[in-house]
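All chains are identified by letter, namely A, B, C and D, in their written order; residue positions are counted from 1 within each chain.
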Amino acid sequence: MNILNLFIFIPLSMLLALFISRNIKQIRATMVTGSTLLLALSVYLTIDFIAQRNAGVSAAQLYCDSWHWYPTLNICYSIGVDGVSVAMILLSSIIVFTGTFASWRIKPQTKEFFLWYTLLTLGVYGFFISTDLFTMFMFYETALIPMYLLIGVWGSGKKEYSAMKLTLMLMGGSAFLLMGILGIYFGSGATTMNIHEIAALGNIPVNIQYIFFPLTFIGFGVLGALFPFHTWSPDGHASAPTSVSMLHAGVLMKLGGYGCFRIAMYLLPQAANDLAWLFIILTTISVVYGALSAISQTDLKYINAYSSVSHCGLVLFALLMMTRTACTGAILQMLSHGLMTALFFAIIGMIYGRTHTRDIRKMQGLMKIMPFLAVGYVIAGFANLGLPGFSGFVAEMTIFVGAFSIDDIFHRVVTIIACTSIVITAVYILRVVGKILYGVPTDSEHLKLTDATWDERFTVICLIACVAALGIAPMWMSNLIGGDVANIISNIQP
Amino acid sequence: MTIPSEYYLILSAILFFIGIFGFFTRRNLISLLISTELMFNAVDINFAVFNAYSHTDYLEGYIFTLFGIGIAAAETAVAIAIIINVYRNMHTIHIKKLRELKH
Amino acid sequence: MQFCIFILILPLLSFLILGLCGSKMPHKLAGTIGTVSLSVVTILAYTVAVIYFGGGRGDEGTFPTLIPYDYTWLPFAGTLSIDMGILLDPISVMMLIVISTVSLMVHIYSLGYMKGERGFQRYYAFLSLFTFSMLGLVVATNIFQMYLFWELVGVSSYLLIGFYYTSPKAIAASKKAFIVTRFADLFFLIGILIYGYYTKTFSFSVNETMLMAASSMLPLSLGLMFVGGAGKSAMFPLHIWLPDAMEGPTPVSALIHAATMVVAGVYLVARLFPLFIGYAPDVLHIIAYVGAFTALYAAVVACVQTDIKRVLAFSTISQIAFMMVALGVCTSSNPHDGGLGYMASMFHLFTHAMFKGLLFLGAGAIIHAVHSNEKSNMGGLRKYMPITHITFLIACLAIAGIPPFSGFFSKDEILAACYNFSTTMGVFMSIIAAITAFYMFRLYNLIFWGKSHYEEELAAYNAREREEKPHKPHEAPFVMTLPLIILAVISSIAGFIPFGEFISSNGESYSIHLQPAVAIASITLAVASIAIATIMYRKGDSKITIYINTHLKGFIKAAYNRFYIDELWLFITKKIIFNGISRPIAWFDRNVIDGSLDKIASMTQKLSNHVRPMQSGNIQSYNIWFLSGALLLILILIYLA
Amino acid sequence: MEETTNIIIFGILSLLMVAAAVAAVISSKIMRAATYLLFVLFGTAGIYFSLFYTFLGAAQITVYAGGIVVLFVFAILLIGKGSVDITHTSKLRYLAGLATSAAGLSLTIYLIRSTSFVTGKFSSAGVSMEKLGNTIMGTDKYNFVLTFEVLSILLLACMVGAILIARKK
């Protein structure tokens, strides 16, 4: 029995268990058991993977398995993981686990909420463990659809609009993606859908690559908040309920970066090399532009959403640099951003749940009223602006060092432009901290509010611990990722 | 040499398009049914003609026409049953006024 | 030497303990934990120093560079990696002593100063965090470790400035401090990236061949790194955050914004001194000019400030600029030939930390007593606060450069180095030294002499002109005067330390010898300035003061407003970046990018609204369309055939 | 001579059919439309006779003319008033229908004219009942017993369905 199948099997059983659950206790029990199991499983997977690598197993993918489910088109349920996917699975498990606690008191229709939530989880895991283009795409879609309902039903504000916009834009991306996948499949001679086999064949003609690389990259890039296809993100995040924001920014946006790396760049290397400049410009714009527009937002979630645009832009930026260090940094940044943003959205959700506003002009002095959440917010902010000791620093520095190691003027300039984001980030983070946390509470209503409950504290502490762990001891993660990134890079570099 | 098959075909084509014209322009369910019958007839003629001129050894066209007549009868019976039922319920068979099914 | 790791671990532990469970602790316990751990750190630091300098010189006549710890923390490709380690060499050991001493003094002092404050535990936690980061910064084995701790230092400074988080001024000041230094750090980072790329390592010790290969890019890299240092060390025009940072608690100003963190930039330049001198002497001279200008600017501004902490802040900027100048005027690494500045700079760093720490702590005691920062609320305090008065005077004499106090010796070396560089520079710096003496004694006189604000108010109260009985100034408690006394003693005698024996530009022993001409000139100037200041300010506003005030009104107003540099920055950030860039971008995003997507969506909807009637449910229309389509297809097929 | 006669008869028949068909679709009285349809159906039967498909012609008359038209007439009588006035549609739709039909017709005629159909030998012997019976009930290739059975079931279903639908509640 391949351990990876459990990542599909457990969510499926959770779905079943949720379906037959009768009351909130059973639902919570199911969710906690399931997400804990998933977390334990991914921790085990990580440890076992590192152990195997240390033991000298050097295959590109471990725990491989394959099973034809539609032989006519060579579609297989092929699974396998390398360091990058292990890191992503670990991230997903952490977010899913904490997200469960963040949505502890979700109402109404708790059961349906968790059903969709679990389905989303299923899609995410499936995406990360698949090595088959079509299966990957299928899981990708599985992850996207529940988002519509989660935002549209349980969201707040202009939820229908946001849900529709998000879904339409991501589906638009999927359409590009599907074309890209078909292009890759037929371009490589239509013999296999397995990513590694296609990469090994390496026979996609260059002119075909030129057509399908942009399609695939933009297809995934939409989810990775690539400028100018990022506008779903602010609205979507602002309307989504807490745990969905967490999962979406924390994991789902990573699907974009992962896909860009794993499919677009890995399978279409020549085009990736030749067209990288175009996308580097777009991602550089993303990085700076997202940060700059975050400065003047007044809604907490918008600020964070634009910050995500900036940080996810940095992920794609680093991937396109196509050096080992930069790409390792990109994966680290995905992890780091996933944890940080989840933390941020969790805390924002908790604040919003109390004050019923996210307008930073209407809040002041929250440090006095809810010290735990305020401190959490400050820590999240520090992590976000890349303070040493938190994951953001590690990731950003790796990216910048990696990006700087390309010796030509274009890459240098864009790297320096991207670097400026660390200053701009500091501006918008401190602006919010100064405005809403510090000072004296002005709204007398706010004085009655309470600090975090146990489930909220648990969520926040778990995430802070993870962010700090990655920031203090980055080496094990960097090693876990580095080797396998190098494998992929070696296929991309000319 | 007898009448060229094209004559028959042209005749059937004319009938068919007259039927179509009727189908487009009439507003009464029974009239629509009448137009449909015209088209049916045109098609039946075609089958018969092709059988008679091109595939004389077998009787596919012939049988098709025969069965077509049967089916037309059945279809008309059901259609008229429906029309009567519709009329009974809504007191009209004018299609502009029959909008219940849309919603 | 393995025990030196505890110098870092103890403050960190103390931070974690106080930060995680501080809120439930009684104040006393929290203060004790912080102070005790710092005392141990101080003892360890002194032990390290004794062992290190006692260990004697190596064969080359220099103290060996020890690296007891060095671990790869985050590997990048190739030889690049961020390492974490401890590096001991003369300057880092000297810094350990400075930091631990001042920090310990501040810890003890704060027991009294912060007594009963809300968030006392938090305060000690942040102090520990700061001490940890600062110690980590000075023992860094490589530039990236330094950068890492550099950022941590910045954050702890941010947290401490914003300690009174309910005061809007403190919030704004903390934000400003962080963002300005962060902005400078951006250049630092780019400098590091260039350095790392061309020398293939982040380490300070680079082999010659690599350096030669990188020599064309080194000046740029070092220059950018200096910008980072200039940010932390408040060099013009990045100095704007430091005066505002005085919103923090006064002991914090003493520790961070006078003695330790602000000299990080000087330390950085000193740390990279061999590279500067070897590969970028021009950059070094630019540093000197920037420093000289900053020194003048800050000294002039300091002369007219009314907030005593601001005077001290500008004085700090000016003095740090002195150190920068001293480094900048070096022309070779030989202390006997153009390398004197290095030693002078480090010496001044050391003495300045002590007497400036003392000045700030003294100012803290005064503020504690009169509950105000403004000089107008002071005056005549010598009767009420004798210990503070004496120690403050010692510090003023030290900074003014009067022998035998420590400032004289270090400043004299700096001036000598400047004269060696060029006479213009020497004269220029001498004048600034004289201005220093002037504004310090202006401050001293305004605080301790002249009409007593308390007595005036008391008289007013007695004459029934005032409702409330004024608060009588009182001497600070023992925990606060003890650090003052200790620092005063150090400030008095530190000048006799044979500093050159320990630290010099090439590591070899160098015995300090006074240059009589320079010394006499500077003493004369200092005494003259002190005399002028005393005449002008001893008895309230004298005639000369009024004369000057009326005739130089515009200049004084400009200087009081710091020559509007803050306003300039505010204009750039607020008007240009926020209103001119950020808002348009946000607007652009919402209305152009998002708007166009929304437009596409609404156009699609409109189009579909037009198309919708085709799907009316009317079978006749369907038929027409169907037939037309079929006919069209047939036509196309015919055409194709 | 025989040929000419045939063509003349065919022409008359066709003219009659076309005229009746046109009348059927434009007549405003529905009863008249049904009557005109009857003429068309008879005409079709005539066409079948001219092809010597006598059985087919007979079936056409019995089933169509005898059955279906009677159904129509019953329905029209049952509905009565509702069916009397047939309002025509808007002019635009009328023209559109006319144009589409005309276009379709001309295209079809063009196609018929331009296609050369495979012509086998035209047998004037017609189809013997034996052959017809064998074809309908036979199980060989080109025999249609299965279709026949399916059709009977279909007819049965239609019967049941028609009764069910038309039945009063």
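Methods note: a residue touches a chain if its C-beta (ideal position, glycine included) is under 8 Å from a C-beta of that chain, and two chains touch if they have at least 3 such contacts.
Just so we're clear, the structure is a prediction, and the values are computed from it rather than from any experiment.
Enquirer: Computing the C-alpha centre of each chain, which chain sits at the greatest distance from subunit C?
Expert: D
Enquirer: Hey, how far is the Cα centre of subunit A from the one of subunit B, in Å?
Expert: Here subunit A and subunit B have centroids separated by 61 Å.
Enquirer: Can you compute the centre-to-centre distance for subunit A and subunit C, using the mean CA position of each chain? Integer Å is fine.
Expert: Result: the chain centres lie 37 Å from each other.
Enquirer: Go ahead and note the Å separation of the Cα centroids belonging to subunit B and subunit D.
Expert: Computed from C-alpha means, the inter-chain centre distance equals 6 Å.
Enquirer: Centroid of subunit B to centroid of subunit C, CA atoms only: how many Å?
Expert: Result: the chain centres lie 95 Å from each other.
Enquirer: Using the touch definition from the top, which residues of subunit B touch two or more other chains?
Expert: 20, 24-25 - these are the residues of subunit B that touch more than one other chain.
Enquirer: Note the residues in subunit A that touch 2 or more other chains, in rising order.
Expert: Where subunit A is concerned, no single residue meets two or more other chains.
Enquirer: Two or more other chains touching the same residue: where does that happen in subunit C?
Expert: Answer for subunit C, listing residues that touch two or more other chains: 620, 624, 627.
Enquirer: If you go through all the chains, which pairs of them touch?
Expert: A-C, B-C, B-D, C-D
Enquirer: Spell out the residues on subunit B that touch subunit D in their complex, using ranges where they run on.
Expert: So the residues of subunit B touching subunit D come out as 1-3, 5-11, 13-22, 24-28, 30-31, 33-35, 37-38, 41, 44-45, 48-50, 52-60, 62-63, 65-67, 69-78, 80-85, 87-88, 91-94.
Enquirer: Which positions of subunit D touch subunit C when the two form their complex?
Expert: Where subunit D meets subunit C, its residues are 93, 96-97, 100, 103-104, 107, 111.
Enquirer: Which residues, counting only subunit B, touch subunit C once they are in their complex?
Expert: It comes out as residues 20, 23-25, 32, 95, 99, 101-102.
Enquirer: In their shared complex, at which residues does subunit C touch subunit A?
Expert: Per the stated touch rule, the residues are 23, 72-77, 80, 82, 144, 148-149, 151-152, 155, 158, 162, 165-166, 168, 171-172, 174-175, 178-179, 182-183, 185-186, 189-190, 193-194, 196-197, 577-578, 581-583, 585-586, 589, 593-594, 597-598, 601.
Enquirer: Touching residues of subunit A toward subunit C in the complex: what are they?
Expert: 165, 168-169, 228, 231, 235, 289, 292-293, 295-297, 323-325, 365, 367-368, 371, 382, 385-389, 393-394, 397-398, 400-402, 404-405, 407, 415-416, 419-420, 422-423, 426-427, 430-431, 434, 437-440, 474-475, 478-479, 482
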